[in-house]
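Dropping the structures in below, format is C-alpha cells.
Look at the two complexes coming up: chain A is in both, with chain B in one and chain C in the other.
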Partner chain A sequence: MSLWVDQYRPRSLDALSYHHGLSERLKALAASGDFPHMLFYGPSGAGKKTRISCTLKQLFGSGVEKLKIDQRVFLSPSKRKIEINIVQSNYHIEITPSEAGNYDRVVIQELLKEIAQTQQVDMGAKQRFKVVIINEADSLSRDAQAALRRTMEKYMSNMRIILCANSTSRLIAPIKSRCLLMRVAAPSEDEMLAVLQSVARRVGFDLPPEAGTKIVEDSNGNLRKALLVLEALKMQSPDLTGPLSIAKPDWEVYCHKVADLIVSEQSPARVMEVRTKFYELLSHCIPPTVILKTVAERVVDKVDESLKADIMHWAAFYEVRMRNGNKKIYHLEAWVVKVMSLYKQFFYNIDMSEFD
Partner chain B sequence: MASSFFAAKATSSSKLTSKQRVEPALQPWVEKYRPKTIDDISAQEHTVAVLRKTLTSTNLPHMLFYGPPGTGKTSTILALARQLFGPDNFRNRVLELNASDERGINIVRDKIKNFARQTPRAETVASDGKVYPCPPYKIIILDEADSMTQDAQGALRRIMETYARITRFCLVCNYVTRIIEPLASRCSKFRFTPLDSDSAALRLSHIAQAEEIDVDKAVIDELISTSAGDLRRAITYLQSASRLSSSSTPATKIKPVDIQEIAGVVPTAVIEDFARILGIEVQNDMVVDDSPPRVDGRGGFEPIKKYVKFLMREGYSATQIISQVHDLVTFHPTLNGRKKSKCALVFAEADKALCDGADEELWVMEVGLRVNKAVLS
Partner chain C sequence: MAPKSQAQTQPQVGKRKPTKSSSLHRTVRLDGERIPSSSAPSRMTRMDPLTAFSKSVTTVSTVNKINASQSQGQKFKGKGKAKIQEYESENSGEDGQAAGFLWVDKYEPMTEAQLAVHARKVEDVRRWFDEAFEGGPSGKLTKYRRILVLTGPSGTGKTATVRVLAKEMGFEIMEWKNTIGEAQNFFSQESNTSDYEGLFTKFEAFLARASTCHNIFASSSAQKSKNRRIILLEDLPNILHSKTQTQFHEALHALVSAQSANPVPVVIIISDSGLRGEATDERRAEAGGWGWGKDKTQIIDVRTVLPKDLLGGQFVTEISFNPIAPTLLRKALQAMLSIHFSRSSASAPSKEVLDTIVESANGDIRSAIMALQFACIIEFPGRGKKRLGEQRIVLEAVTRREQSLALFHLLGKVLYNKRMGDPPSASASAKDLQKERDIDAALKPSVKLPVHLHQHDRRASRVNVESLYADSPIDTSLFSLYIHQNYTQFCNEVEESEDLADWLSWIDASGGDMWYQANPHQFHLLTLGTLHSLPSPVPRRSQKYYKPEFFGFLQKEKDAWDSVCATRDWLIDDLLSRDGSGWRAGGWTKNDVVLEVGGVLKAQDAIQNSKYARPPPPVHKLFSQMTFTRTGNTVRASQLDERDDFQADQQLGLDRDLDMVSPSSIYKMAEEKGGWLESDDIDEF
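On to the complex of A and B.
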C-alpha cells in the first residue's frame, strides 16, 4: 500500500498530463539517439523527477525500473569516510551529492570518473551511454561544480548527466552552458484540478469541485502537496462534502502565532516571549528561512500599506545575514526588534533614525 | 593454432578501438570544431600574432591566459601545442590538468614535479609525414588555474623556475586576480577579450554550413546577444537548437524563440509586465493588437507580491530575472540618472545576496519593491 502520490505517478511520457510541449520535446530527444546533458529546473512539486524518470524509461525501456539501493564509501583527502546512498539500475545511477556536505567534490570526481571510464557492457542495451542523475544540483559546492565542467565534455561518449535543481541561480555559468535547460513550471490551477480529478477517478470516487478548488488553492502550485492533502482529507471524511478544513501544519500555525504576538504588542518582554517561540521552532528543525518568510508574510498582511515594503526589505536583509552568519537566532531576533521599532515609529511618530 | 590465436587477438583489439572512438555525430560541436591551428582562432589577433612568432623561433615563455569563459583560451594553447609537437609527441610532451582532476598540493608535489623533471625524448619523424618544430621542452597546461588553492600555487613557484630549461607552464584562468602574484610575475600574460559579434557570427555560420543546417541571420543575432561574447555557449545553444528542430516531426527551422527557451531567458513579455507593475513605463512600438494592457496599476505592495509569486511558480531563475530587469532599467529612455543609480544599487545588493545563497523569492520581491520606490520617488 503506497501513497497515491507514488501509486499514480505517471510512468511514461505519454501519461503526463500537462506541459505537453515539453513531453513532445523530451520524446523526440530520446528517440534521436543524440541525447544532450540536461538540466531540469522549476519549483518543487512541479514534476521534475517524474519527467526525468519518464524520459529514462523512454530511453532505455522498462529495465530502468529495476532499482537497487547501494551504499558507497568514499575517502576524503583527509582520510575521512563519507557514506553516500546510491540508487541505481543497469542503465542509470542517481546520487544526491549534497549528502556529503563539504566533501561533495570528492564524490563527484570519484564516482563520475568511475562511471565514465567504464563502458556499457550489456550489448542489448538501447543506448551506448549511461545516465547519471544528480539531485539538488543547486546545493553543490563551487568546487564540485568546477569538477563537473571538464568531465561533462570529456566523457560525453559514455555518459550523460541530468541535473535536477530548484533554481539555476546557484549553478555556475559553465555548467549551464553545457546543458540543455528544461524549465518545468508549476501546473496552473486548472491543470492541477484535472490531475486531482483523474486520480480520484482511478481510486474510485468522485471529487466534488468545491473540495478540489479548495485543495488547489491551498497547495500553491505544488502538485505533490495537493495529492497528499487529498489523500489525508479522504481519510478524514470519506465523502468529501460539507465544510472542509485543510489542516495547516503545526509549525505554520505556530509561526502565525508569533506574527500576531509581534503585531499586538511591542516591548522587551514581548521580544523575550517571541524568542522562546523561535527556539521552539528551531529545535523542531524548521529551517530558519522558512520561519522568517512565513512570519514576515503574516506580519505584512496585518500592518499598514506604508510599512509593508520596509518589513519585507528587512526580512530580505536579515535572511542574507542569517546565511552568512553562524547563529540563526540572532538574526531572527534582530528582525523582530527591527519590525517592532518600525511599527512603533509609525504609530507614535517618533523619529528613531539616530538608532540606525 | 598459433595463427588463429593471433588472429583472434587482432580482431578483439580492433573491436576495442572502434568502440572507444567517439562517433563524430555524437561529439559536442564545441569539441568537434575546436581550432586545429592557431590561425583558425577567431579574433584575439594580438595573442595569435605573438604566438605565431614562437612557432618560428620555437622558444616559449611561461604563459598566463586569462579572460572571460568561451573566448578560446584552452583552444589556443591546445592548438599551439599540437602545432609544436605534432600528434605523436603530443601525448608525452603535454600534461593537461584541470579542475576535474585532483589538484591539491600533493599532486603539485608528485605528478607535476615528476612530469616537469623528465627530460624530453629526442624527436622522431612524425607519422603523418609533416615536419613539426618539436622544441626541446614539454608543456604543462593548468586549466582553470584560479580554482587551485593558494598552497598549491605556492608549491608551483620554485618548480617553475627549477625546471624552466625543459618545461614550460601555461596557466589558464578566468580571473587573473586569483593567481598569486609570484606566479603571475613569472609568466607573460595574455588577455583574451570577449568576441566581437562579427567574428562570432562568422564562426557560427561556418559551423552551420559544415553541419548542413539552415540558419537565419536573426537566429545568429539572437545567439550572439544571449551568449554575450561567449562562443562556447553560442555553439552549444546552436547544437541544442538543431537537435530539437531536427528531432521534431516534421523537422522545423530554428526560430529565435527556441534559442531564448534553450538559454533559459525569461520571455520579454513577462519582464515587461513585471516592469509595468513596478511603475516603469515600457513603450512597446510593436503593439498592433488593440487589446488592453494585460496588467496595469502603478506599484503597490499586493500586485508586486502577486506577480513575484507568479514568477516563482513559473520557475524562472532569480538571477536571470534581475539581470533582465537591470538591462531594461539601464537602457530606459526616460528615467533620469538619479533613479537609475538608485535601481543599480538595488541590483548590485541583490546579486551579492543571491551569490551568498539567499532566498530567491524574498530578494526578487525586495528588488521589485525598492525599484518601485525609486521609480515613483
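On to the complex of A and C.
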C-alpha cells in the first residue's frame, strides 16, 4: 500500500477535480500535435506534477505509466562521480537536477544531449518527441539554466522540456520566454475539502466535515500536505471524531521555538544557543531557506508592527547571501543577531522617549 | 672553523686513505645511490631496484672503476661501525672534500640516548618492531604487525628513530628510492633499451623481492641479524597520480595479504605538510574550477598513502610523532655543540643564539640543527649588544619557519583584540610589559575620524594582520569557522555580535561562483572585521576556545540525507511494486520528503500494525524527529587545547557542497571503528 497521495492521484486530465479550464487547455494542446516547451509553476501541493503526468498520458497514452528507475552516474569536470536517480518511461524522463548540487549543469547537459540525439524508435508512438521533466527548476543554478537555454532551441525537433517550479522569479528570462507558462494556483478551500472527501470515500470511510475543514485550514492550500495529514490522523484516531489536534511537523514546531528564543532574550549567550538550534535544524536536512522563512514569520508575529518590515527585509537580505555563500549557518546567525539588535534597540528607544 | 668541522666525518680510514675514501663518497652520491657510508653502518643497505637486482653487476663495476679496489670499499664499510667513537677521535690532515657535510648528517643519532624524540614514542616503535619480529609477549602478533606508519611534521625524528632502532635491535633496512639516475644507465648500456620498466613496475618488483628474497651481498653482519629486515618506504611513488595511487594501494594489499611464515614488516614514513592561509584556494585553482575531491588528493597524508580499509584494519599501526619539545631540543643541540666544540678553538655560540634557534625551530630538529650550523659559520660583525641584536635579526630571517603560530595563539591574538594603550593584564610579567610598550611605541596612533564616523573610532591595533596571515596555520575558511565558534564569548552586547556576524556572512558570500572569482582578501577582511567589531578592551572572563561544531553537524546532516534517500526509495519502491501505479514515482523530491512526510511516518511508527507491506526504514528518524530541549548555555563542542593541531579538523573536509558526503569523513568513521587491540590475537587462535 502506498500513501493515499500517490494512490488516489488522478490519472487523466478528465479526472482532475479542479482548475477545469486549465485541464481543457492542456487537452487541446496535447491534441494539437504541436506541443511547446512548458513551465508549470505555482505553490507546492497545488497539483503541478499531477497535471504534468496527466498531460503526458494525454500525449502518449498509457505507455508513460510504465516507469523504471535508473541510477545514472555522471562525471564532474574534476572527475568526481555524481549519482542521480532518474525516473523514465519510453516517452519521457524525469530528473531533479538539484540533487546534483553544484554539478547540475553537467547533469543537465549530458542528459539532454543524450536524449536529444536519440530519435524516438517506437514507430507506434503518438508523438515524435520525447519529454524531459525537470523538477524544482527554480533551484537550478545560473550555469545550468544558461546551458538549458541553448539546448532548448537546438533540439526542439525531438525533445520537449517541461519545467516544474514554485516560482518563476529565479528562472532567467530567456528560459521563461522559450516556454509556455502554466500557472497552477492553489486549490480553494472548498475544492480541497471536496478532494479530501472523495479520497475518504474511496478509502472507505466518511470524513466528518469539521475534521475536513480543520485539515484544510491547517494545510494552507497545500493539497499534498492536507492528504498526508488526513492519512496521519486516520492512523492515529481511526474514527476522526472529537477534538482533533493536528500536530505540526517537528521541524516547524522547532523553528517556532527558536523564534521564541530570539524574542525572549538578546545577548551573545543567547546567540550561541540559537546557533546550536540552527545547527540541529540543518542537520535534519531542513532547507536553510525554509528555516529562515519559518522563523522569520514567527518572529514577525510576535514583534511590534514597526519592526516587521525591517525583520523581513533582513531575512531577504541574508537569504540572498546564503545562496551565494557556502556556510549557511553564518547567514542564519547574522540574521538572528540583526533581529536581536533591532528588537533590543526598539525597546531601548521606547524607554528613552518615556524619559523625555 | 670550516676545516675543523669535517674532521669527524672521516674516521681512521679517512686518515689513511683520505683521497680515495672521500672520492668514493662523492661519486656514489652523484650516482644517486648511497652505499653505506658516513651515515649508516654496514648493516643498512639502501636499495636501488635497478642496481640491487637487475643491474647490480654494473653498479659494482662502476664502483670498482672509481674506487681503487673493492676490498678498499669493504674495508671502509667495516670501519663505518666505528662511527660512534668517531666523536672522540682526534683527526687531522683531512682534505677539503668533506666540508660539505651537514651537521644533520654528521651528528645523526647513533643510540637511543642521543635521540631527541620522546622516550615513550621510541618505546612504542621499539615495541612494534619487537612484536613484528618476535610476536610480542604471546608470540603471535607477528601476523598483525605488517605495516607501521610513522606520521608527524618534518624534523621530528621519524627516520632517525627507525635507523637507531635498526642498529640497536639489529635489523636491516631496505629502503626504496625513486631513481632519477635511470637515464644514465640507459646511455651506459645501449643494448637493452627495449626492456624499459616503468618506475612503478620497479617499485613492485622491489617490494616483491625485498619481501621474499635475501640480500646476497649481505656482509657478515647480516647473518648476525638473523635475517631480520624491514622495508622502509619514505620516498613514495607519485601517489598524487590517481592511477599510481591505486596501484600502490594494490601493492600494499598484496603485501599484507601474502601468507608468509616470516613476513617482512614495512615501515612507511609520511611527513605531514600543513596548509597555509591561501593554500586551499590555490589548490583549487590548480585543480581547475571546482576542484572537488581533487584538492583533497593533492595532499600527501596518511589517508592518501594508505587505502582506507587498511588504515582502519588490523595490519596497520600508526604512530604519530609530535614536534620535539623545546627542552629535548635544547638538550640535543647542547650535546651536539659540546661535542663539536670540544676540540675546536672557536667558541660555541652564545646561549641567546641557542634560545632563538630553539624558539623558532617549532619542534623541527632538522631545521634547528641547520640553523645552528649556520649560526656557527657566519661571523657577526660588531661587538656587545649591537652584535647580539644583529645576530638575532639574521637568525630570525634564517630560522623563521612559515607556520610558527599555533592555532590557539592565532585565535587569541585576534579575539582578545589588543589595542594600543590597553591596560596590562594582571598576570603580565615585566618582560611582557616591555614587549607591549615596544609594540605601542612602533604603532602609529589612529587618525581621528570625523564626527559622523565616530562610531568607527578605534585605538590602533596591536595585531599585525600581515604577519598573522603569513603565519596562520589554517586557511581562511577554517579560520572563519573558529572565529564563528568562539566570538560570542568575547562580546558584551548583541550589537558587537551583530557587526561580527555580518562580517562573517559577507565574507562567506563574497566572491563569485568560480574559483577565479574567489575573494583574495578574505583573511584580511575577516581579521580586520573581527578586530573592528569586538569590544575594546575585550572582557576577560576566562574564555575557552572551542573547536567548531560545524563538522559534527555536517556529518549528521550527511547521515540524515542518506536516510532521506532511503525513505524516498521506500516510497517509490512501494509504488513501483504495484503495477501501473508508479505514477508519481519520481515526484517525491528530497525536500518534499523532509518537509511533509514526517507526520505520516510518525503516525506510522506510533501504531504498531503496519498497513504497508514493508515498514518505512527506521532511519527516517534522523530527519523526521526533532525534540526541542533547552540546553541552556552548555557548549557541546570540544575545547581547543594549546597543543591541538588543526589537522584532525582539516581532514573532516571543508566541502563547498554540503550535500555531498566527503570521502575523508568516511575515512574518519572507518578510523573510529577499526580499533584492534593487543589482545585480538588471542581470539584468533
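Please note the rule applied: the second predicted complex is superposed on the first by the 342 of 356 C-alpha atoms of A that agree within 3 Å, B and C clash if a C-alpha of one lies under 4 Å from a C-alpha of the other, contacts with A are read in each partner's own complex, and residues count from 1 in each chain.
Methods note: a contact is a pair of C-beta atoms (placed from the backbone, for glycine too) under 8 Å apart; a residue touches a chain by one contact, two chains touch by 3 or more.
The shown structure was predicted, so the numbers you read here are calculated from the model rather than taken from an experiment.
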Simultaneous placement of chain C and chain B on chain A, clash or fit: fit
Partner chain in contact with A:Pro77 - chain B first, chain C second, else both or neither: both
First, second, both or neither for A:Ser267, with chain B first and chain C second: second
Which of chain B and chain C A:Ser177 touches, first, second, both or neither: first
Contacts of A:Arg298 with chain B and chain C, given as first, second, both or neither: neither
Superposition-derived comparison: chain B or chain C, residues of chain A touched: C
First, second, both or neither for A:Arg160, with chain B first and chain C second: neither
Partner chain in contact with A:Asn326 - chain B first, chain C second, else both or neither: second
First, second, both or neither for A:Asp143, with chain B first and chain C second: both
Touching partner for A:Lys130 - first (chain B), second (chain C), both, neither: neither
Chain B versus chain C - smallest C-alpha distance in the overlay, whole Å: 10
Touching both chain C and chain B, counted on chain A across the two superposed complexes: 77, 142-143, 320, 324
Chain C residues within the chain A interface of the complex: 287-294, 477, 480-481, 484, 488-489, 491-498, 501-502, 504-506, 508-510, 513, 549-550, 553-554, 556-557, 560-561, 564, 571-572, 574-576, 578, 580-587, 589-592, 594-600, 602-604, 606-607, 611-613, 622-628, 630-633, 635-636, 656-660
In the complex with chain C, residue positions of chain A that touch it: 1-3, 5-7, 9, 11, 44, 49-50, 53, 65-67, 69, 76-80, 85-87, 94-96, 98-99, 101-103, 133, 135-136, 141-143, 222, 224-225, 228-229, 231-233, 235-236, 247, 249-251, 253-254, 257, 266-269, 271-273, 276-277, 279-287, 290, 318, 320-322, 324-331, 333-334, 336-338, 340-341, 344
Chain A residues touching chain B - in the complex, by the definition given at the top: 24-25, 28-29, 31-34, 36, 41-43, 46, 77, 109, 113, 119, 142-143, 146-151, 153-154, 156-157, 167-170, 173-174, 176-178, 180-181, 183-186, 220-221, 289, 293, 300, 305, 308-309, 312-313, 315-317, 319-320, 323-324
Chain A contact footprint on chain B (complex, rising order): 19, 22-23, 25-28, 30-31, 69-70, 98-102, 104, 106, 143-144, 147, 227, 230, 232-233, 236-237, 239-240, 243-244, 246-249, 261-264, 300-301, 312-320, 353-354, 356-363, 365-366, 369-370, 372-373
